[in-house]
Amino acid sequence: MRRGLAATLMALTLLVAAPVTAPGAALTVRDMLGREVTLPRPPQRIVSLVPSVTEIIFALGAEARLVGRTDFCDYPAAALGKPSVGGMVNPNLETLVTLRPDLVFATDEGNREDTVRQLTRLGIAVYLVHANRIAETVDLIARVGALSERPADVARVSGEMLRRIDAVRKAVAPFPRRRVLYVLWPDPLIVPGRESMLTELIEVAGGVSITANDAEAYPRFSLETAVARAPEVIILADHSTGTSTAGRAAPEKWKRLTSVPAIQAGRLHSADLSILHRYGPRVPEGIETLARFIHPEAFP
Amino acid sequence: MSAARRLTLALGILTAVLLAVTAVALFVGSAGLSPRAVARALAGQAGAESVESIVTLQLRLPRVVAAVLAGGALAVAGVAFQGLTRNPLAEPAVLGVSSGAAFGVVLAQILGLQLTFLQALGVATFAFAGALMAAAAVYLIAVVPGGLSIQTLLLAGVIVGIFFTSAITVLISVMDYNRLGGIIYWLLGNLAPIPAGSLALFAVLALGGCWLILRHARELNLLALGEEAAVQLGVDAVRLKRRVFVAAALLTGSVVAFTGPIGFVGLVVPHLLRGILGQDNRLLVPTALVGGGIFLLAADTLARNIVAPAELSVGVITSFCGAPFFVYLLRTRYRASL
Amino acid sequence: MASLVEFAGVGFGYPRPERSREGGFSVTDVSFAIEPGEIFGVIGPNSAGKTTLLRLLTRVVAAERGEIRLAGRPIAPMAHAELARQVAVVPQDSPRPFPFTVEQLVLMGRYPHGPGRFFENDEDRALARAAMAATSVLDLAGLPLEQLSGGERQRAMLARALAQQPRLLVLDEPTSHLDLRYQLQTAELLRRVNAEQGTTVLLVSHDLDLAAEVCDRLLLLDGGRVACVGTPATVLEQSVLEPVFRCPVAVDRNPASGRPLVRVAWPSQPGAARGR
């Protein structure tokens, strides 16, 4: 049933996102924030200011059209071969202009409004994206695929994605949902709320986030409340790199909370989970990781 | 040499330096344009859509103009605050006035105002109001019978600055979480190309504010005698203080509205000029206008190119220069205060 | 000849209820006149209102009762600049901090005569130099004021007042921080300025010797009221001074000038015969 729904979703978004009548013709589309974007022809020189979109472009095989990325676009490794225009918050406009893009992908969560305005003023088309749900991610893949004229790859990538997600759902379905506390940042304690995709991913992986109903995307949370809600699984996102220890998960701090079911059952996990913040073809990988933490018994 | 002649000489030299720095700023950048390409673009001979035109005329040139205006305005505001408080450590950032203006700008943005011409006027008004509020708060905290206590003034400036910066963070976190990263970046102080209409407005506000202060430069000198003595010489001290205060707040507000809060320009530039030209505000104000422009333009050109293609915030460069400078001033010349 | 300055029934109180209850800083029903060309002294104990009188005269504060007239015209409606063209004040202390040079300081005195001028003109500069020469600070012209000694600073401040070319020169405690030598210098300078240029001088001082020697007439203030006005011989009288200063005094005569010489009558030391 889910597969059918996904296919319908894809078809719909293809129809909505890409009224391409003939290859090479002018097109007007609406981006994911409802803005109208007009291009003389399908984009040939794309700059992506969004790491997730960069991933999607490579997954679709459209990287030939990608002429620029940000420093944070680090996956796949081949992306590092593309020229970078700087950070997400402060891309270098001069470098960007020199790349002569005909379309720039940007997001309202990570890029600055001012950058979008500057680019528009310079006559460069900007396509804004926004994805907080799996469905929106599928939509995004379809849109990028339509713009880069690779509809067949859309079907392949999305299909694979949805298949894997479905497989995880099936694997965890027999088991009762576990209450999950996901610690995005340890100190101050930041957790995923209602608006975050993590909440949905946890749900797909067979858990229920104890912070699922809290407002905003990434609210600050009180440790007391977290303990009081008695999570059965605690997942710590570890942000430390090789040299820096900032944002280290610090599991030993949590092991002292012996009243919490997760600690009693030994279900405290920490890992580098930056993959969960990309809304692209690696979403299933993230879900699989979560599912293994939440329901290890489902994956012998 | 009479004061007038010294002023002319100083302005001549500074203008020449400004032109040189402007040339460097226009010819150097991450786009890697050849000097000939830039020259062609400046002369209007390159195509309007060509890379060199876009980069030179739409990115670099407006940014250069913004840097010169902002630097000049901040330096003159510094001279004004120093004349008013009779203390060379006073300047818009130290006194918390920049933060007040920044709060005004953030509030305006939350309310939906951007940088199209009319809205830019609105943003500038909010910034001006914020600057006035902060300056008034600092003054009221620090005023004692007989004048301004300098230690209290500086402390009050720090506190008011922190207050408004925190208020900004709270406002953003509550209203629009996604903007937080962008706002924190903006608070560092960055120069970016500004559209022509808004740039013209910025120029009017900045030069207007400088003119208001220049008109009263001679009376500002007399204020150094003490308010009572100045009155006895015929200066309307109350009106003078009010006008200069408002003009300095206007200058700070417009800089913050168009380029974000940039600190320490109003500290470093007037002090360097005082070392060469002496204390006379009639010389300091016009030379600070040009000198401030040179300083900020140089800092911004450095910020743009030193780790290209990444960019440093110009506020970082001015702080790195300014903070040690401040400490040096504090320890060597101004240990004994009021 | 009309008086240069007239105080007619002037009353004023600082807006601090406690202070006026103490009778400290207010001025009540003060009437006197200063004649052109004379050296007029205002004396009295601390908090008698001497400085307040100065402030009233230069309109730093406004009289609440009565009227003050300068050359026959009331000063209340006068613009500050107009007043400044006629009255110049040498304050008790030089301003601190004051990073300007002596010449820049003296040039500031030219402001009332050309407030619209951005830079001073040649006439301003010439008058400033003349004023500096008159007070012997011309060779210090290029030095920052802060580098001068107390006496030199006082002379520089006086030069600034002279550069204002006033009809009335007002000095607030001109000798309070000075060594004896500079006190003498100041007195001679005042006499010379008064004699050579006919400038009327108003002197506020708690130094009774200076007042006695230099002034033509004196005003004795007590608790904001006029206690006595007249020549030094009239005012510096034991019966007049003792109730005001509330301590025993003895008034001798200076053998050289014939002016009164006021001494505090020190109590004799109990049980010590120290050759006096």
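Lettered A, B and C in written order, each chain numbered from 1.
Going forward, a residue touches a chain if its C-beta (ideal position, glycine included) is under 8 Å from a C-beta of that chain, and two chains touch if they have at least 3 such contacts.
These figures come from a predicted structure and were not determined experimentally.
Novice: Measuring between Cα centroids, which chain is at the maximum distance from chain C?
Specialist: Between chain C and every other chain, the largest centroid distance is to A.
Novice: Looking at mean CA positions, which chain is nearest the middle of everything shown?
Specialist: Chain nearest the overall C-alpha centroid, as shown: B.
Novice: For chain A and chain C, what's the span in angstrom between their mean Cα positions?
Specialist: 82
Novice: Rounded to a whole Å, what is the gap between the Cα centroids of chain B and chain C?
Specialist: 44
Novice: Where the CA atoms of chain A average out and where those of chain B average out, how many Å apart are those spots?
Specialist: Averaging C-alpha atoms per chain gives centres 41 Å apart.
Novice: Which chain B residues qualify as touching chain A in the complex?
Specialist: Listed in rising order, the residues of chain B that touch chain A are 29-32, 49, 51, 54-55, 58-60, 114-115, 177-179, 181-182, 185-186, 190, 192-193, 195, 308-311, 313.
Novice: Spell out the part of chain C that touches chain B in their complex, as residue ranges.
Specialist: 55, 58-60, 79-85, 87-89, 91, 95, 97-101, 104, 108-109, 111-112, 115, 117-120, 125, 164
Novice: Contact residues on chain B for chain C in the complex?
Specialist: 2-4, 86, 217-219, 221-222, 224-226, 228-229, 231-236, 274, 278-280, 282
Novice: If we count contacts the way the header does, which residues on chain A are in touch with chain B in the complex?
Specialist: 71, 84-87, 89-90, 92-95, 97-98, 100, 108-110, 112-114, 117-118, 121-123, 216-218
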